[in-house]
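Encoded as structure tokens, the structure appears first; notes follow it.
Labels run A, B, C and D following the written order; every chain starts at residue 1.
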Amino acid sequence: MTIPVPIPGKRKDKWPVAILGATGAVGQMFVRLLAEHPWFEIAELAASERSAGKKYGEVTRWLEGPTPPPKIQSRRVIACDPGVVSAPIVFSALDAAVAGEVETAFARAGKFVLSNAKNFRMEPDVPLVIPEVNGDHLGLLECQRQRRGWTGAIVTNANCSATVAAVALAPLHQKFGIRQLFLSTMQAVSGAGYPGVPSLDILGNVIPYIVDEEPKLEREMLKLLGRFEDGEVTSAAFKVSAHTNRVAVEHGHTICMTVGFEETPTPEAAIETMRTWEGLPSTTRLPTRPQHPLIVTDAPDRPQPRRDVNAGAGMTVTVGRVRRDAILDLRMVALGHNTIRGAAGGSVLNAELLASNGAFD
Amino acid sequence: MTIPVPIPGKRKDKWPVAILGATGAVGQMFVRLLAEHPWFEIAELAASERSAGKKYGEVTRWLEGPTPPPKIQSRRVIACDPGVVSAPIVFSALDAAVAGEVETAFARAGKFVLSNAKNFRMEPDVPLVIPEVNGDHLGLLECQRQRRGWTGAIVTNANCSATVAAVALAPLHQKFGIRQLFLSTMQAVSGAGYPGVPSLDILGNVIPYIVDEEPKLEREMLKLLGRFEDGEVTSAAFKVSAHTNRVAVEHGHTICMTVGFEETPTPEAAIETMRTWEGLPSTTRLPTRPQHPLIVTDAPDRPQPRRDVNAGAGMTVTVGRVRRDAILDLRMVALGHNTIRGAAGGSVLNAELLASNGAFD
Amino acid sequence: MTIPVPIPGKRKDKWPVAILGATGAVGQMFVRLLAEHPWFEIAELAASERSAGKKYGEVTRWLEGPTPPPKIQSRRVIACDPGVVSAPIVFSALDAAVAGEVETAFARAGKFVLSNAKNFRMEPDVPLVIPEVNGDHLGLLECQRQRRGWTGAIVTNANCSATVAAVALAPLHQKFGIRQLFLSTMQAVSGAGYPGVPSLDILGNVIPYIVDEEPKLEREMLKLLGRFEDGEVTSAAFKVSAHTNRVAVEHGHTICMTVGFEETPTPEAAIETMRTWEGLPSTTRLPTRPQHPLIVTDAPDRPQPRRDVNAGAGMTVTVGRVRRDAILDLRMVALGHNTIRGAAGGSVLNAELLASNGAFD
Amino acid sequence: MTIPVPIPGKRKDKWPVAILGATGAVGQMFVRLLAEHPWFEIAELAASERSAGKKYGEVTRWLEGPTPPPKIQSRRVIACDPGVVSAPIVFSALDAAVAGEVETAFARAGKFVLSNAKNFRMEPDVPLVIPEVNGDHLGLLECQRQRRGWTGAIVTNANCSATVAAVALAPLHQKFGIRQLFLSTMQAVSGAGYPGVPSLDILGNVIPYIVDEEPKLEREMLKLLGRFEDGEVTSAAFKVSAHTNRVAVEHGHTICMTVGFEETPTPEAAIETMRTWEGLPSTTRLPTRPQHPLIVTDAPDRPQPRRDVNAGAGMTVTVGRVRRDAILDLRMVALGHNTIRGAAGGSVLNAELLASNGAFD
């Protein structure tokens, strides 16, 4: 694996990238994260037919933070069509309803697709990647190209809750071997996109159900914490049981976790393991990687979404309340930013890892 | 056990009752529930020294619903002193910090104390009662009086989350025997009283910690589902593990539960068991008892606090999402009103059960 | 005007009514208010083509309170077509986009249409009615039928904010004559229907804009407080200036009002005038009319939506903070339930007034 | 007035400053804003007797953002006593209940006190300052020292709502002369400090009352927009009428304003005037001054607190919806950060203006 070097030393120019589904909530987050990116430059903004041909600023109801710079606001939106998009790298914020077909077309046309959609995540030849945790799963791309005959590729990032839980548990699984995992999430409304959750459903309320979320969370966790060997990924073998809930929070999924291990750690040992974990070494110099992918707080009542969600510019997962469990081994609470670490930021970091590996050269 | 008969047939007058801590959040709920009660009449409102001597309406910041009738608003608050309170039955909404001493004084002075405080709940000779679930635990009173030499008595109701979970699980435990129980709660702010949770802590946020709540929930569950035999209560023997969280909800604790049983029921059998459960027969004619202490919803995304909390006038627990679990046997979600079923309403129902048993005659 | 007598003494049966747009937020509120109505019986539930033919319970995402009784849940939804609807009285919760055409068709076909839509409100021959305030405006119906040749009729109720403000100000305008009126509203999300306001827009936020709301509020206020003479309504002549805002409240529009009068009342005189106001005498025995259409609170920090919105079963407007103004004469705050008094409840009350006038005989 | 030059060119060291009331909500904001300040260095943290002697990190429940650096966390809190505090410049976040006495003691002892408390704001010889708006009011200090015989001084910043409104209206008042002003605010909970507003009071609610806020807002507006001439400040002479409301927003006061002018501007002229306004030239190089103290948005539904509150790092006021009024001349909505521009940030900017004027040399 190539040691990542600052791209300016390697190439004169940034890589041009396109964003598919650029007008939606996750698409907007891509725009925010890529507007000043040191390696990538937003070359194209693609969206549905309805928006194509119009200026980005006119068709986008900007949801958060300062509006994008004028050069982006005034750019014409183009169609999500590989015949129209020229950038070699595309970030996909497409809905699952269309992602399957569109992303396939782009990969077939030679593009690198960094996808947030669920469609390909569980395909055996498609990497489901959190760079610090399982960046080596990118090795699947060889098999993907052979099997599918694509000149491009699809790399996916996981469901937002699965991502937060996997970052929190990766070091513990590596060292102590998870045997059983009970999860109960409290997920932010931004996870449902825009317009997403109606305010009449969530003000002063909890919705103890998110369509299709529990199976996704359960199976993606296992692939994320699986092993890449002999050209394939073997999912982790422990059992996962999840409750998923929607709460009146803007950003940040909070996850109560109860864990049984092959080898029981003390809470102190678990905390030490998480605190000293640095993630895959090949990721440490990637621009979007936070200094600490995982931090453990000592405060008795943290992590809290509104107060901790922006740790590490939204890329750090915060764990707290690590304590002994009455039935299994440990209980703890994890929190991460669902639209940064759990969506757009995750895709950008995946692209950076590909870049540092020479995939785009 | 005496069959409860309508009190008007039994006595001419209602029983006079006092409320200790009448100005606080739970105290106000007692006022609401007792203002028009068919068996009890609010005779005295007691509170701290600061309020004593003043009119109830002047010292009470009324939190919810229409203000009490003028005859209550204009009543003078008295001290929480058994020498001053003349009613034979007292409902205590006192803080744990003072409840121990004050409730003891009232019981010693011959009063029946219906307590919401945690102080006596786990005492072996003090009943911790949800009438439909374990009304027979009132049998402990005989032992209590003997042991303590009190002419009065203390009967407690449980922590609000423990109450909701116990109502939901009682029929399943009776039939299938709980072996392991994982809980994760999302609790309303009213559970913390008034002023309680600062808005800066909870707006758009989740607090994954409630002081001392998890141990209370774990141990009280077991006593509630325990057996009364030979003059003592033997707590249930299964293991409980809880996460407790505060969310931005006004009323209603939502509890995600994952349960392992001695004998595995199908989800259908569990639902049938809960739906046909009627609670202790001796409770069915008590005025505050809802027709159905427990209902099971088929809606995929219920129960929800804002939409289901008032079922059965706040006395019914609603269960939903009963489904198979990947690790243990069943997962489900329960919801109940924390300040009605889980606090003041529970105490009133306890008093009604005592009344129907002839305890006050 | 006929003195309204209890209908059971007048007729054996209730009047059959239909609800147009029965599956939406306001439609559901009609179902709630009419399910047990003493004079009306829900005979038909009509909605869009998409729902027609299906059971009401299957196509309706019930938003609030206990679900409707089985006989309503299992009723087949029919089309919003006067050829299909047989009931002579129809409550319309239709969107403005279709209400114009559909309501016209029903009126032409001989139906009494009680409309919540804005389309006809400002037509000179269409009554815009709050019974207690301007029930005599129903006199316009004669002119409406003559002019339009309809055998049926359309009666409208006003924009929700205009309704709340008009109930609060009617007695003051009648006695002291409003000269200038500045309003600033804080409106609940239910005013936007369902799905309505996305939670990402309103959690922890204020939106200082509601499409087309300010002009509606300004002009409808004046018609509501206008005079019916010689067969026509002359709008009130004072000036209105409004700011309208959306806030994170479920139900209840709060309106800050600053008022200048022809004849300056003291705050005490204004309060006395509002407290003694009883509304049009012909309305006092209508079943949906609250005992007090308008109450004035002395609490320094009321009215508050969550605490006061259900006064009079949602039909009472609460006014508070009546005080002298530094520029004009008085400042005060009004609050009312936007989907009951300001929408479905208002229509039902209009129908009751028509019934008591003999319009349906 | 000295032209402000970068202090590093002027002095080797930063000025040592103390924060009074450092553990509360505004005190914490001072710590955030001063932790990396280019001109000032936090030398001392002072608070109540209860906290004195303990480490700052131990006695402070940190409310927002990343916790302060270790060197601040581990600093011992000292008493709010000029005999103990050695820094010549003190930022006061004290409650009004104690601010009067304590701030006097510091000023008498030769300290420059930058105060957030209301106690001295309306004193004729105490400057009430927003640097861009009325920085010249600092000229009052000469009179203050003469009259009071202090070697130190007190400079105040205004009520948070008054500050936001004054920044928005200053350029319009300067050019067109305000004649009448109606305000209706929707204020964030952080304006009440911590613990401040109980969540049971504000979740899903509006409180149309804030103790003593309306008179403060009305009178401070006029002093802020007054003129400093001949050694004294003459308040502006127009009339102000305010409604103040608390809403479920974390940070950001939104203010609906209806304005009558001596000379009527068109909305376009008003917008142009606000957009080209740059504030007092002597402030443009102060480190905490935003590039634009005032921006005007064209979006029809902005400003919104959650989306616009952080403009200019919380120091920029955003105005929107500038439109013609039906009674007076213009309506518009203003928004600003209540604890940054409206509190701690305002004080820091005041100190910077003093520094650039040579007051601390």
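Criterion: a contact is a pair of C-beta atoms (placed from the backbone, for glycine too) under 8 Å apart; a residue touches a chain by one contact, two chains touch by 3 or more.
Computed from a prediction, not measured in an experiment: that's the story for all the values here.
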Result of counting contacting C-beta pairs for B-C and C-D, higher pair: C-D
Chain of greatest Cα-centre distance to chain C: A
Chain B and chain D: spacing of chain centres that average the CA atoms, whole Å: 48
Cα-centroid distance, chain C relative to chain D, in whole angstrom: 43
Where chain B and chain C are represented by their mean Cα positions, the distance between them in whole Å: 40
Residues of chain A touching at least two other chains: 63, 203-204, 248-250, 306-307
Touch list for chain A against partner chain D, complex: 63-66, 203-204, 250, 306-307, 311
List of chain A residues in touch with chain B within their complex: 180, 182, 184, 186, 203-209, 218, 239-241, 243, 245, 247-250, 254, 256, 258, 300-307, 320-321, 325-328, 331, 333
Residues of chain A defined as touching chain C within the complex: 25, 63, 189-190, 194-204, 248-250
